[in-house]
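Here it is: the structure, laid out below.
Naming follows writing order (A, B and C), and every chain is counted from residue 1.
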Amino acid sequence: MIRLEGVGKAFDGQPVLRDISFTVPAGGTLGLIGAGGAGKSLVLKILCGLVRPDAGRVWLDDTELGPLSERELMDVRGRIGMIFQNYALFDYLTVAENIGFPLARMQRPADAIAARVQTRLDQVHLPDIGPRYPRELSGGMKKRVCLARATVHDPPIMLCDDPTAGLDPVTTNRIFRLLKDLQAQNDATAIIVSHETGYLRPICDAIALLDRGRLVFAGPTAEAVEHPEVRAFMEGEPP
Amino acid sequence: MTAVARLGGAVLDLCRVVGALTLFCGSVLRALIPPRADRVETWRALHRVGVRSLPIVIVTAFFAGGIAAIQVSTYVTKFRAYEAVGWGFGFVTFRELGPLLVGLMFSGRVGAHNTAELGTMKVTEQIDALRILAIDPIHFLVLPRIIAMLVMMTLLNVIGDVFALAGGMITAYAMVGVDPYVFWNSFTEYVMLIDFVNGLIKAAAFGLAIGVVSCSFGLDVRGGAPGVGRAVNGGVVVSAVGIFVLDYLITAVMQ
Amino acid sequence: MAEPTTLAGFVAEIRAQVVDTADVARQSAWYLARGRWDWPAIWAQAHEIGVRSVFFVIVCLGFLGAIINLQAGFQATRIIGDASLIGAQSMPLVVRLLGPTLTGMMVATRVGTGIAAEIGSMVVTEQVDALRMNRAPPAEYLVKPRLVACMIMVPALTTIGITAAFFAGMAVAAFAFGTNPGTYADFDVVVGLDLVEGMVKAAAYGVAIPIIASTAGLRARGGSEGVGEATTQAVVASSLAVIVLDFAISGVVFVLR
């Protein structure tokens, strides 16, 4: 379960998020949409404690993040798989070392890590690229490696920041399918930030629309498509 | 890699840097005949360079004066020659420590910033955009910056000398108990105009070198944000070597 | 990090820098006491910071030694007509002031910008966020290896730099003023306190530079502009720290003397 209550955040006195509240039940999938700069990425960073909100409370399952110290937050983050907008692959590590990184920091034995890494590489249909470096890969391949790294420790919560930015339709389709498979495998709760509203609708139980730091709508997908502002956004009508 | 191959690689790198700098100097010199630096840009560059580096130069010079006073005092107390403290201080600071430390700080503040700025323009294709508008980046971007750094480094050295003198007098008074009046007399009596001019010539040479090196490295950037970081790193390293080499040459010639 | 335009903005920016640096220093100290010791990473940093700076330090400090002895020699011949004592005059100065401080400035220049550029690039490409997601706090995973490497390597580089300045000075003294190398190398003039002063300074710079430069890198915001700003901030702040620490330590030693 993911829950936000009255979350607000300002940078240099400029409010970026105002009074955001929504809940994603365990195993559910929320599609978070909105124009660029609406604060979607910031919501995800607040959810994993990378950014602390100025106001409001955040829960991941039964844990409230607010009172935790940075070191306690590290344990909570172990339950999250995060896919970053800019890949965020470590460019000085090989693909296999990148994917195994979360497990290596949990001090799992090397052979167990290697086996798990190979399983994930097979699942994202890139079985042979383990020894290569991220800079040698195409955008779509990097995104799939991100997906493998984010899910390598079977996280019960998945946060995906625009997982298909800048990719062609075929690759986009493939990424969303992989995402859904990996989520189902762990029965994970997920939030997906994306502009691909056509792909989001069938895989999300709920949709939330952000507009300039305010939550316009949050509710089941069936209701969302009836909501005038959500529909206008999805159909690309200027406000 | 064997040691020989590594040595060879290092030598090739050195040749590459020297070669690129020489070619760059060539194109800057060609742009000087006839002189066609963009006037508006030059004023703006002068303003930016001056404003940006004044606080850091004042702080650096003040502490450099203090450091020199402490070191000179160590000798002076040993030989009980209190009337020489102003002379020793002025000689060390004006000729050597002042221009050297101010030059290195200027390289860090202005040179590094300049490399980063030009490098960012390069990776975001702004330099290409200028070329498409038939604006020569050497006239428009490079010459104004080099002129600004040459002029400002020289002027800032004068201001720096004043603050170094203040830092030295205060430190000598507070730590060694040298009366500021004695300090001032010894200073005015023994420190020659040539000591001051020597420092000034060094400052001008450092300013010119920092300008040429920082612009050359900035325009050579390749490969996004990491490339900008690497270029800044390379620029300040080469500027520092240049400062030491020029310092040596000027010291050797100016006697 | 926009360039501040008002005096109040300037003061606020410096205050924020100091607060962040103190925070990184506190966290690094915590992980230095308790965290993991990633020896391969420390080894790699020691190579990058130490071994790859040796040539640069030798060139710069070699020229410095030559410059100091030229100045001293010209003065000595002008005033007392004899340049045989220039080794005795210049060596204590090199050992306790110029050697450590100029080596420190060179490390701040080469290593400080390198650290800030590397960490800053990782920040703007979200790699640092990815580290924080995976039990790899930046203070332990990024800062600690650099800090340990600098604490070992800056005193080592200082020793090498002083040696380079010594021999370059000896060459200048011999060729320009005809000073006998045996007379030049008068080690009696360097007292134990000079060596202690020089090494204390080197150790202090070895702690200050990596922490200041890492902080600058971690404060990077935005794309390539942010990385450029971070490297500039690193070299200025760590060079200034070298000068201020030099002033402070010189002052303490002068009072002790």
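What we mean here is this: a residue touches a chain if its C-beta (ideal position, glycine included) is under 8 Å from a C-beta of that chain, and two chains touch if they have at least 3 such contacts.
Please read these numbers as outputs of a predicted model, since none were measured by experiment.
With centres defined by CA atoms alone, the chain at the far end from subunit A is B.
The most centrally placed chain, judged by C-alpha centroids, is C. We define each chain's centre as the mean of its Cα atoms; on that basis subunit B and subunit C are separated by 18 Å. Rounded to whole angstrom units, the spacing between the C-alpha centres of subunit A and subunit B is 48. Separating the CA-averaged centres of subunit A and subunit C is a span of 42 Å. Contact of a single residue of subunit A with at least two other chains is seen at no position. Of all residues in subunit C, those touching 2 or more other chains are 125, listed in ascending order.
Here subunit C touches subunit B in the complex through residues 3, 10, 55-56, 59-60, 63-64, 66-68, 70-71, 74-75, 93, 96-97, 101-102, 105-106, 108-110, 113-114, 116-118, 120-121, 124-125, 223-232, 235-236, 239-240, 243-244, 246-247, 250-251, 254-255, 257, going by the rule given at the top.
Those residues of subunit A that touch subunit C in the complex are listed here as 45, 48, 50, 70-71, 74, 77-78, 80, 82, 84-91, 101-102, 105-106.
Residues 10, 52, 55-56, 59-60, 63-64, 66-67, 70-71, 73-74, 91, 95-96, 100-101, 104-105, 107-109, 112-113, 115-117, 119-120, 123-124, 171, 175-176, 224-230, 232-233, 236-237, 240-241, 244-245, 247-248, 251-252, 255 of subunit B touch subunit C in their complex. Chain contact summary for the complex, subunit C toward subunit A: residues 122, 125-127, 129-130, 132-137.
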